[in-house]
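Common to both upcoming complexes is subunit A, partnered first by subunit B, then by subunit C.
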Partner chain A sequence: MSRYFDIDDIIMEDEHSAVFFKVGANGVGLLDPSAETNRVEQGSRVELPFWLANELYLRQAVSVNVPPCFNLKTRREIQADAACVDLRSRCPYFYELGCKVAPLIGDRTIGSFLLYAFMNRFKDILSKAHSAAFAVAPRFLPLLTKEEMQLYEAACSSMTGFKKWRVGGSRFEKASILGKKKRSSE
Partner chain B sequence: MYGRRASQLLKELSTSEPGQLTSFNTDVFDQVLKECNAHHLELQSLMRKIQEEELDVQTTRNAEHFGAVIHHLSLMRNKRCLMAYMYNRAEIIQSLRWKLGPVLPQEIQEKLNFSEEEYFKNYSAALESYASELELDLTVDMVPPKDPYIKVRVLDDIGDVLLSDQSPNLARHSIHFLKRTDAEQFISQGLMEELLG
Partner chain C sequence: MAGQSDPSLSMFSAAEVEFLAEDEMVEIVPNLNMDTLNLICGDFGPFRPQMATSVPLWLAVALKKRGKCTIRSPQWMSVENLTQVLEAERDSPAQFQPLPFHYVEISRLLFDNARDDIPDMYMARSLIEDIRDVRFHKFETGLEKISSSTHVVKLKNLSAMEVNIVRPFFVRALQAFAKHDSPQMIHHQQDAMSSRQTHVQDDGPRRDLRRR
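And then the complex of A and B:
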């Protein structure tokens, strides 16, 4: 309940995965594009967002398949060189989705796989964030997931904060919300 | 797909810069509300079907039941998205009161919808009444001061103002030595800048 208003949590639950209907459901033809009547037949395979798949799984109405971002190909790539894998295009909420989906699909290897991926990538992100030149957006940024991006930005801002503190400077600033507007009107 | 529009709203929020306000998306918001009503109607008709077959609504697990569950869940999902949209905007609006003071600039005012304007006014009034009870302006000295006075340059014609210890003429480009607490609100509004060294 504490994350009820959390935007990232909500968007993360929008990730799709394929499910297998163990029961039929009337009046929801929209879910299954191949349905001819306004219902989902028992035994059909449908793509559902996680928020729906999860609740239906708890009611034993569906079984959930592994989302495509945790397939064998991704695993191989992560094992080869974790830092170079483009996780964002696969799933911007890779770790969070992994944590939530793991109990549903009964695959015990996902936990250790996530941990392995995170540990190897985190080391890289942190060292790059602390040493990178701030003016240029590094090339590896588009590879990061949302969470890694936040870590990277946190590391960068602590670095700029530290540098600012060392030099000393203005401690009052114009409210950031006004900043953009002024410049564009001039 | 159910709930897609609602998550569009939130994606729009998450892609905007943190702390910045975008215009209230009345269009999509209303569409999602309509979707909610549609789900509600579907839900009712499915429930009615179960009752017509003289089955127990509590224990039946037939196709109608699962259809109803899906509509119910979609409704809850849409509700969550709408609530989160309002809540996260309200948080930003609260922070505006602390940063910009009781009067919002026109360009920001335009981005609020009616209930958000009311919210801002009421929040502002609540904060003011609390501050006057304490006899302390809570919104100044957000950064602990080193010296009670600072040197500032005026960036815009402000004119004669009455400050706590003096009433200087704040003409553009003039330089003044003011009490921090007086200068702080002008700086955060972008009318002055602090001079260093």
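And then the complex of A and C:
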């Protein structure tokens, strides 16, 4: 419940994944674009957003497939060079979705796959975030997922805050009006 | 105590860290006659011309701005000492040299407000800049070593400002690692056996980011 109003959590739950209906369902034909009647047949494959798939899974109406961003192709790419994989275009909420979807599907390797991906991307990209803060538009920026982006921005903002403080002059400069008067009267 | 500027990150802004640093004591040589100041944080003075006394930095800066004292440059801010520290920082990639906890802030306050009291100010300033850069680079290379087995990071001799800069990133990174390494996410092959093992390991692997 603590994340009930979290906008990122809400957007993340909108990610689509394929499910198989274990039972036939009447009156929900709009879920399946290929349905000719207003009915989803047993065993049909339908793309559903995660929040709906999760609820149906809890009622044992569907079985959830691995979302496309955790497929074999992505895994191979991550293993080859984690830092260069464009995870944002695949799923901006890669890690969060992975955490939520892992208990639903029988695949137990997702957890360690997420950890592996995060660890390597952290090592290659994020650990340099503090000094990268001042390079002009780093090339890896559009590859980061939401979570990585937040980390990166945390590093950037604290570093810019510090630089601002360091080069900023005296904070009592507003009194320069007074200074001018004094100088002119001298 | 948390900073007021950004409650979500529970961090201080640089200006707030500077405010904290103003409580550090410095030695001044006043050129006015004034009785002891009885403040909540303590009694300072009495102030007699040419008699050195030690006061908090904020008081020293206030007096200095009114031309009522000269600030004695702290021992560690001498060019010889800073040169030594810089060399030591460069020579030992695995540890930070002991410096005052607020050295970044104190040096900036003194360079801004008491430039005529510090011998070799430009030299000292650039030395401190270099020291800070070297230290930060060390810290950054240390960040790469964080992994899922990092539960505790020991950072000795890191100063207030340096900690403050890396805090938001660091805390979130550790949180992310903790989340992805949680037992719910990582399933071991033999659940019963390995769960007992991980329990034992949990308080074991501590990584010294910088060993000292």
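Criterion: the second predicted complex is superposed on the first by the 163 of 186 C-alpha atoms of A that agree within 3 Å, B and C clash if a C-alpha of one lies under 4 Å from a C-alpha of the other, contacts with A are read in each partner's own complex, and residues count from 1 in each chain.
Just so it is clear, contacts are C-beta pairs under 8 Å (C-beta built on N, C-alpha and C of every residue); 3 or more make two chains touch, one makes a residue touch a chain.
Every value quoted in this text rests on a predicted model; they were computed, and no experiment measured them.
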In the overlaid three-chain picture, which partner chain does A:S34 touch, first (subunit B) or second (subunit C), both, or neither?
neither
Per the contact definition in the header, classify A:D6: touching subunit B only (first), subunit C only (second), both, or neither.
first
Regarding the shared-chain residue A:F122, is it in contact with subunit B (first), subunit C (second), both, or neither?
second
Applying the touch criterion given at the start, work out whether A:G24 contacts subunit B, subunit C, both or neither, answering first, second, both or neither.
first
For A:L56, select first, second, both or neither according to whether it touches subunit B, subunit C, the two together, or no partner.
first
Could you say whether A:S89 touches subunit B, subunit C, both of them, or neither, answering first, second, both or neither?
neither
Is A:L151 touching anything from subunit B or subunit C once the two structures are fitted on A? First, second, both or neither.
second
In the superposed arrangement, which partner chain does A:N71 touch: subunit B (first), subunit C (second), both, or neither?
neither
Report for A:T160: first if it touches subunit B alone, second if subunit C alone, otherwise both or neither.
neither
For subunit A, what residues appear in both contact lists, the one with subunit B and the one with subunit C?
169-171
Provide the residue numbers of subunit C that touch subunit A in the complex, in ascending order.
9, 11, 13-15, 18, 108, 112, 136-137, 140, 143-144, 146-148, 161, 164-169, 172-173, 176-177, 179-181, 184-187
Interfacial residue positions of subunit B with respect to subunit A in the complex:
1-4, 7, 10-11, 13-14, 19-21, 42, 45-46, 49, 61, 63-64, 66-71, 73-74, 77, 80-81, 83-84, 87-88, 96, 99-100, 105, 107-108, 143, 150, 183-184, 187-190, 193-194, 196
Parts of subunit A lying in touch with subunit C, wherever the complex brings them together:
95, 99, 102-103, 108, 110-112, 114-115, 118-119, 122-123, 126-131, 147, 150-151, 154-155, 157-159, 161-162, 164-166, 169-171
Once bound in the complex, which stretches of subunit A touch subunit B?
4-8, 10-11, 14, 23-28, 30-31, 39, 49, 51-52, 55-56, 59, 61, 169-182
